[in-house]
Each structure stands twice: as structure tokens, then as C-alpha cells.
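Below are two complexes that have subunit A in common, paired first with subunit B and then with subunit C.
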Partner chain A sequence: MNAQSTEIATYNFAYLDEQTKRMIRRAILKGIAIPGYQVPFASREMPMPYGWGTGGVQVTASIIGPDDVLKVIDQGADDTTNAVSIRAFFKKVAKVAVTTETAKATIIQTRHRIPEHPLNAGQVLVFQVPIPEPLRFLEPRETETRKMHALEEYGLMHVKLYEDIAKHGRIATTYAYPVKVEGRYVMDPSPTPKFDNPKMHRSPALQLFGAGREKRIYAVPPFTDVVSLDFEDHPFEVQTFDQPCALCGAANVYLDEVILDDHGGHMFVCSDTDHCEKRRADSTSPSWGGRAKGADGGNGQSSLSSTPTPARRADPRHKGEGKEAE
Partner chain B sequence: MDIATQSIDGGFAEPVFNAQVVFRAIMDAMARPGAVQDVPQLTRPPAPLSATAAAAALSLCDNDTPVWLDPPLQAEASVKAWLGFHTGAPMANTPADAHFALIANPKEMAALDGFAQGTQEYPDRSTTLIFLVDDLASGPSLLLEGPGIEKTSMIAPPGMPRHFVEQWKQNNQRFPRGVDIILAAPGSLACLPRTTRIKTMEA
Partner chain C sequence: MYVAVKGGEAAIANAHRLLADRRRGDRAVPALRLDQIVEQLALGVDRVMSEGSLYDRELAALAVVQARGDMIEAIFLVRAYRTTLPRFGYTNPVDSGAMQVERRISATYKDLPGGQVLGPTFDYTHRLLDPELAAGAEVETPAQRPVEPEAMPRVSAILAHEGLIEADGEMPLDHVPGDITREPLQFPMARDIRLQALSRGDEGFLLALGYSTQRGYARNHPFVGEIRIGEVELELDVPELPFAVPLGSIRVTECQMVNQFKGSAKAPPQFTRGYGLVFGQSERKAMAMALCDRALRAGELGEDVVAAAQDEEFVISHSDNVQATGFVEHLKLPHYVDFQAELGLVRRLRAEYEARENEDKVEEKKEAAE
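Up next is the complex of A and B:
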């Protein structure tokens, strides 16, 4: 792909200038070489506010090439504001092909979810990270948290998880659940639900994390141990849902609660829109068989016709509904 | 060809896209240690700098990154002029000041621990070594394991530094400090990040 001669003036390919890309690329390589370590980088201002994925966008812009196929998700969805605008951004500044299909993408930029479809070895998952430092809310000083990482001093994090147990009887952290990478660095997996933590463990895909405002890049190479912190008597466990997706009937996926009206009507649907649409388009597809079973009792077609009607209740009880296994 | 022409010719024909292709090859190689990534010939540097090593330097080095050259490269004024023209990178005075080091003759090179190792607080402030090797298959086999490798991986670059396996073990033990290596062979490259462990193979 050469410079577009039809345009009078245009941004450099993928928006960033080459020196910025080189600086970010060097940070990415160091991040891969030191899994879980937050590499400082000279984050640039991007044409979007902090909190909208400036870190992820800079990482994507630095790795993307004309042959890449980009997918962008926001809380699992391809069609929400953040995903739509970032996808449009790269369509404009890099003229790359975009997709909503997880399996067809070479780069997936994500805000707070890991797709349900298993990732493969050629794919790169780019996370948008608001607060990269897992110890920040326990110790506000950067000088101190840096020393804690240097000395592998993570006692404070275990105290925090213990206090959860003392107060709530269980570890109450449900997202941004701290992990230990390759037995060394404690890392914030970004505010993904802890449901997604096990997918990071020995994933065949390369995982890159960009925090624009906090100016940090970190990485988890493929096939790297990512272990959620826990205690022997309070082992790590993921959220479970007591009902399947109301649209596609999938069980063992992460569900979003959708409010339907102001009378307490609501339904739980797949957070991963691509996964849900695929299943509804072809609920007998063998690739979904393992997950579909149990949701629709092995009877693929019936789940489509008998989509559950949303429950109507006068008295909405939302106390941890569907969020936590007791 | 005089030095002035030599130092200008032979850079990336399409700097933006060539740099991206080379970087992606290095990124994939760093993420999958031992896996060989193809790199098309995109540069024509003065000897003894090789096309692959030069492409890596052009895609990663600039005026922010002091570069150290080993004596065979140091001896060629045309190499220094070429790198200076295309990257703007300053020359590092000592290996410990270098962000990148280009090593044309790894066999005779100084010890790995003479290069910047980073600090415990900032392990990223270390030297990335770019070795010029003839190929990635004709030397003694190195069996690799560690992050990025599903089970084990194998690579056999010839002409590696003296006592490399022992030196690399010490490099592992310094983690998170340590150096990372890019092995640049004609038409391909592979990487050894500091997390990669070499399993010793007997005979």
C-alpha cells in the first residue's frame, strides 16, 4: 500500500509518526522480554480523551500493517461507541480491513473482555488499560510500588485479598483481579471480569497492554503462566451464572444484564456479541457444541424458537444476582 | 563507491511499511523464542553489516538509542556513516551505555554481563544485542523452553559466544535484569529474550 496520491494531505500510516512508533515498538519488545513488567513509554496525545483507549490505540497503531485485519471490542461488544469509533479511526488512518469475527482478526483491540472464541497463535490481543499498577490503590506512591515490584514484595496484595475474605467471607474482587505472571510480576489484567483470567493462562495469542494516561506498556507472551492470586482455603474461582444467555442459550460464557423497562424487566445476554450472533446464526455448528450443550439440552434448534421471555417482576432484587457463585 | 554515497544508499525503500514488516517479525520472534521469522531483504548496508541486522537497526534505532558496534563493525567507517545517516543513532562509548549492540563476530565478543543489564527497578534499561549469524541451523543445537514456547523449541545458530550456554544461564539468573538477543541471519531472524532457558543437551 503506497501513499494515497488522491489525497492532498494525510496522516502518516496508522496516525503516529515513525519516531513515536519506534519508541513504542522498543517498549513492546522489552515488555515481551519481561512478562508482566510495566515498561514506561512516552505516551502521546491521541485524538480521543484519556479513558477511551489511548494506550491500546497507540499499541495497535505501532504494530498494525496494511495486511492486518482488525477487530475492536468494548466490553465484548463490537457495536458500542468505543469499539465503533476506534474501528473507524483505524479504517481511516491505516485503511486496514476490519471485522467483527474473532477468528478472522489478526489484531483484536479490547476494552475489558477476552473473546469467548479461543484465540490462535497468529493473533495479537491489545488491551486498553486505565490503571496498570495493581498495587496503586494499596500504595499511591510510584517510587514505593516500583520498589515493591523490584523486590517481589507482594504481601500487601495478599492482605487486601485476605481483608476481602474477612469482610465478605470470600474474595470480593470481581474484575481487575490480580495475577502473577510467570511466577514473578504481579500484574493487573486490566478491568476484565475475573471470568476471563483463566483465558490468559498459556494463551496461544500474544497479549499486549497499553495504558495511555499512565504511560505504561506491558505484555504476556504466548504460553506464559498467568495465575490468579488466591489462598489454599479460598481458591480462585470465576463467576457463574444461574441461567444461560437469553438470546443464544450459551452457558459458561460471561453475561451482561440488560435492563428492558422500568418495571424490573431484564435479561442476561452474552457480553461477546460476535459469539452470540454466530451461535444464533448456526446453533448446530460443531465448533460451539461443547458450550451449547447444557444450555439447550443438546437440542440445538429448540433454543432458538423458545427464546425465554424476559422475567417481569414488581420487586427487583439485584443482590449479586447472577454475578457470583456462593 | 565512495563513503558518502555508500552511507546514503541502501536504506528502506518504503520506510514506514518496511519498518513495520521488520518490527512484526522481531515482535513475533521475541514472543516465540526460537521460532524463525522470515525477513525479506530490504536494505543494502556496507559490509560487514548484514541486510537483516541492518533492517532490525533501521526499524528500532534512532537518536534516542545509543548503539554499540563490535570491533569488526567499528573498524568500518562506512558502517558507522551508514547507520548514522539512516538512524541518527549516536554511538555508545561503552557496551554498558548501549541500548542496542550490533555484533558481527559473536564468537569473539566481550561477556554478556558487560552490557547494560537494567536495574531491579527498571529492568527495561538494558541492551538488546543483535548478533550477525550465518544461519540458524548449522551450529550446536540449543533446546529452548520458557514463556512463548509451548513445550520446547530448537535453534542452532553457528558462531555463538564462548561459553554461551553458561553465560546465558547467568543471564537467566539475573532476571528481571539481563540482555535480550536478536539473531539476524540472511533472510530470517530469531530471538532469545532473557526469559528463555537453554536446556543443556548432552552430546
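Up next is the complex of A and C:
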């Protein structure tokens, strides 16, 4: 009986034992080698509940070193309770430096958002994923969906998107919008709003996805094609907002609606709190939208055209894509 | 006016402080000691050990107190501790035939070698609340049967002599049992892995599924061949030593369900079996597990898969209460980014809908005017 000696001091660096970390790193490496493929891994029970970021926490715990600087966001904000809790966890078990500044972080663990500030080579973005299988709500059986991925049989997903258009006049998926990675695997970008999908495309940062309860890890290596599924006559579009952030004036960012009173009064403010604070101090602070602007002469629709649709893409097709003969 | 959401850290700390206060309750009431829980809430402790997959009464009792009696929270605490423990090796299979039995009953035979032993059971108690218990009345010492070394063969072994029941089955010599705590679950799964998952599965979930098979959703005609509760020896093979090293004993409940089976293209008419084994004393869980195990063997025995209890992916993917509670309760976490995305969509769809309605009305008026 050693309940008395189970204080934090007896846990390994970053909570997980080294063997477990090795196992998880192997899964991460496999995921990087096969972009978008869901690698099964022996997920551990973590000291926070399943569904609260255990996959992301395990990935972060496996790659974090004493010199890393960690940022944790939930819904784009550093101050949401679960982000605070996860950040405090790593401060405690790994004693790493933490930050709220996107540019200063080496590892960013996130739930539901990608920061507005552009990411750089060398940074790692770790996503918390609830349901890693993009086909899950079309086919509940894992045995079936694994087969569909193996055969690259994604017709069902296109039918679903088509039915959306037939019923609603547009694709009625606003978050967890499916993407195709490097022309091969259809992947769930985690429940980020589709606004963030273009940020995944050819990102200089490594993107890792951990699903603890479902025991899957997948990855998008730097500079990998991430293409949102769409149709030629119904190209992928991101959400747009009629007004800029009411606090910092940023356009081309994702906004949260804040209710001000019970008479319908509301305002729209940046979902990315760090970005908003930076911009209020220095309005030239770059954002992903700002970077893309330069590329196409300041067209506000830049985020659209920067994500090539399968039909428009200029670069050569990848092996296994389409029906061309070898 | 908009106030930036700050101070999460302080709020969390204060919430936890309040939790500690509520957990302790009225300071005038003596605090619970772990030995009180181990001794007097033993079946609750057993459930936490069983579904927490860690055989340690004291830790389980600590978890029960820490969780304020919330069993699933206690199970979660134990699991999160267990996962950090180093793995030294795997014990040899336990021999439940050699169990130091405290309770053993069979519903298929009136009498059998070793006899029917009721042991400490709620069965046949009248469920009348007992005010004397609240008053802390003295409890009689139990009547002990004389220690008899009579062997208590498992009922499955008795039936096996006639060849009417399926055998235990043989594993290939080089078969390494799976370990669901070290390898990811993959479907379809071997029975050893499935049994591990069932053994730590939620008692309520398995109970409901087992019950559903009795009510006709994949009926499998079960009889309780035997339930036995008692201590079994654990032994570990150590490479340097020529003999297995005894580690001590654990208390387990084993249920052998015997199921009628008319035969199929794959197997002759015979009795088949469902198996349940859990830490501590929990007949309900062991029986429910055995019913589910038998139902999940549908594919192996060539039966049609028609009901939830026979569906391996459905049962095993949803039997773990630590996973289930986490994901259900994660809905408490903020989702406002996704909600905002949906809000935008619904507003757009609604505006289009209303525009269409108005157009229709204008047209109707025109037609009426004409």
C-alpha cells in the first residue's frame, strides 16, 4: 500500500512512463509517414476524463522536453477552464515554460481552433480529437470504415455533401469539415470550424492529432496538401463575418458572438484571445488572413483561393488519386 | 459590457477547495477511515477494484472516499493510478477449480461433488430495512462449516465427461494473451481480449445487455452451471527460478453459464458456455458478463447476429464506463466556436426560408387579386 507515496514527485517527467512515450512516438512517426492515416495506439487512462483532451495530452506528453514552451488553447482562448487545467497539468508534471503567445510556443495544444497568428517551421500543433473517423456518422462500424479507407472508397462522403446541397442549397457542414490529405486519406480536421481548414494546407508547422478514447493518432507533416472536399460548382468556402472584431478591429478572423444583455444585444469579438490582445497593443500583428492577403493582391477572399479544390489543383496528382493508369 | 473571460485558474482552485469542504461535510461527524470502508462497504470496494482493474482494497477505498461515493469517479481514479504502474510480468492462469470456496452454487444440479454452499449472500434475505443496523446492534459470530478438503470440481468438468458440453478449448502453444491496457482495441477481437474488456466493463451496461438477451434479443437459453466465489492463488514464472513463485491470493467471482445450443453448420448440438470472471464478490456482474460473452460468440457458433448484445463493436466500444462518462460529460466543456459556426448556418438557412415564404405569400396574393 503506497497511497501515501503517490505524490506528484513519484510520477515520471510529463506523467507518462518512458515506455509508453516510446509507444506513442512510434505511432506519431507512423502517422507522419502516412499523412492522414489513423494509427491505432494503446491509449492510456489519463488523470483527466476521456473526451477532455486525453489524446492531445498523451501526444504532448510524449513529445515535450524540458526546453519546450507550451501554449494550450480551447475555443481559441488561453483562459477557458479546460485549457487552464491542461496547462497547469504540464506545468506541474513537466515543469515546462508556458506561454499564451502563439509565436513563442514550440508546442501548441488546441481544442477546436487553429491560432490566427501564422505558424512557423519547428512549431507543433497538437489537436484534441473526439471522433477521429470522418466517416463515422455515415458508417458507425470501425471494421467497415477501415475497409473504406483502405480501398479509398469515399463515395459515401461525397454523396452526403451532395445531399446537403440538394436539401439546403449548400454544404451544411460548418465544423469538422472533411479534408483530403496529400491526395489520399480523407481526414477529420477535429471539430475546428471550417474557417480553419485552409490553415492546415501546406502549413510549415507539424500537425499532430490525438484521440485518446478512440485510441487513434494521425498527423499532417509540414507542407502537406490538405484539401477541403467540395464540388466544382460548389467550391469550398469558409465562414465570413459581416463585421470586424469589436475589440481589435481584425477582419478575416474567426469571431465569437458575445451576448451583452437579454434584449438581443450582442457583439462579435476574436475567438483567438491572444491574437486579439496582441492586435490591441500593436495592430500590425500578423494573422493568417493577413499573410494570405499579400499573395493575391489583398483580395478578401484570399482564404478561398489559397485552398485548391481537387478540380483546380495545378500540381500533379498523387499515386492512388483518381483513376489514371499508372 | 463585455468582460474578458479571465481568472479561470483561480475559479478552478476555488471550486476544488469547495469540493474538498463538501466531501468532508459536517466537521462534527467523524471522518471516514479507509478500513471502515474496506470492511463495511466491501462490495462497493470490490466493484471499484473490478472495473478499475486494480486489485488493491485500500486504494479502492481511498478512491471511494475521494469520489464522495460516486462509483464511476472512483473507478476512474483507480484506473488513472493503475496506468502509471510498471508492469513486471503476467501471472500464470489462475486455477479456479482449486479455489478456496466461500460460496458455490449450481442451478443445473441438485447436488454435486463439493455440495452447494450458500456463503454470504443477499439471496433469500427479505428486503426489509433493518433499524437495528442503524442503531449499531451487536452482530452474531457466523457458524463456520468444518474445514473439509473435499475437492470442488467445476461443473463444466462434470458435464464434460459425457461430451455434451463444449470443452474449454485449446489455445495454440505460442499464443500470447492480449492485454487491452497495452494494445489498442481492434475489431474483430479474439475472445481473450473480449473477456478482458467485459471484465472491466460497466456493471449496469452489461446487466442491461444480459437482461436483453433473456427478453428475446438474442435469446441464448442460459442456465447457471455454477457460480463460485473465493480465493485463488496467483503464481508468477520468474526466468531465473525453476518453479512458479506464489504471489498471494485474490478473491474472485466466477460464473459458468451453460447454454442450450441446437447446433449449426459450424458446431454439433451440445451445451455451449458463457464465462464471467471478476475481482471480488459480484455475482450480478459475473452473470451479466457470462450472458454477454455467450451472446458475443454468435459469429463463432454460426448464429445470426440480430441483437445489440451480439454485436461486438457495439458492446465492447461502449462497455467502458470511464470512457463513456468522459465523453458524455465532455459536453459540459465550452463548444462556442462550433456553436457559432452552426448559429451562422442556421441564421442563413432561416433567412432563405423566410424569403421563400414571403415570395410565396406575395404570389398567393397576386393570384387571389387576379
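Heads up, the rule we're going with is that the second predicted complex is superposed on the first by the 274 of 326 C-alpha atoms of A that agree within 3 Å, B and C clash if a C-alpha of one lies under 4 Å from a C-alpha of the other, contacts with A are read in each partner's own complex, and residues count from 1 in each chain.
Following the convention adopted for this analysis, contacts are C-beta pairs under 8 Å (C-beta built on N, C-alpha and C of every residue); 3 or more make two chains touch, one makes a residue touch a chain.
Note that the coordinates shown come from a computational prediction; the quantities given were computed from them, not determined experimentally.
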Which of subunit B and subunit C A:249 touches, first, second, both or neither: neither
Subunit A residues touched by each partner, larger count belonging to subunit B or subunit C: C
Which superposed partner A:51 touches (first subunit B, second subunit C, both, neither): second
First (subunit B), second (subunit C), both or neither touched by A:132: neither
First (subunit B), second (subunit C), both or neither touched by A:66: first
Subunit B versus subunit C as contact partner of A:184, first or second or both or neither: first
Subunit B and subunit C footprints on subunit A, overlapping residues: 1, 12, 40
Residue numbers on subunit C that touch subunit A, as the complex places them: 1-2, 4-9, 11-12, 56, 58-59, 62, 76, 79-84, 86, 181-188, 313, 317, 322-323, 325-330, 333-338, 340-345, 348-349, 352
Contacting residues of subunit A [partner subunit C, same complex]: 1, 3, 6, 11-12, 15-17, 40-47, 49-52, 54, 74-77, 79-85, 88, 111-113, 130, 140-143, 168-170, 172, 174-176, 191-195, 213, 215-216, 239, 246-247, 254-258, 260, 267, 269, 271, 273
Residue numbers on subunit B that touch subunit A, as the complex places them: 14-17, 19-21, 23-24, 26-28, 30-32, 59-62, 64-65, 99, 119-124, 126, 128, 147-150, 175-176, 180, 193-195
Touching residues (chain side subunit A, partner subunit B) in the complex: 1-2, 12-13, 18-19, 21-23, 25-35, 37, 39-40, 62-66, 121, 146-147, 149-151, 182, 184-185, 204, 206, 219, 221-225
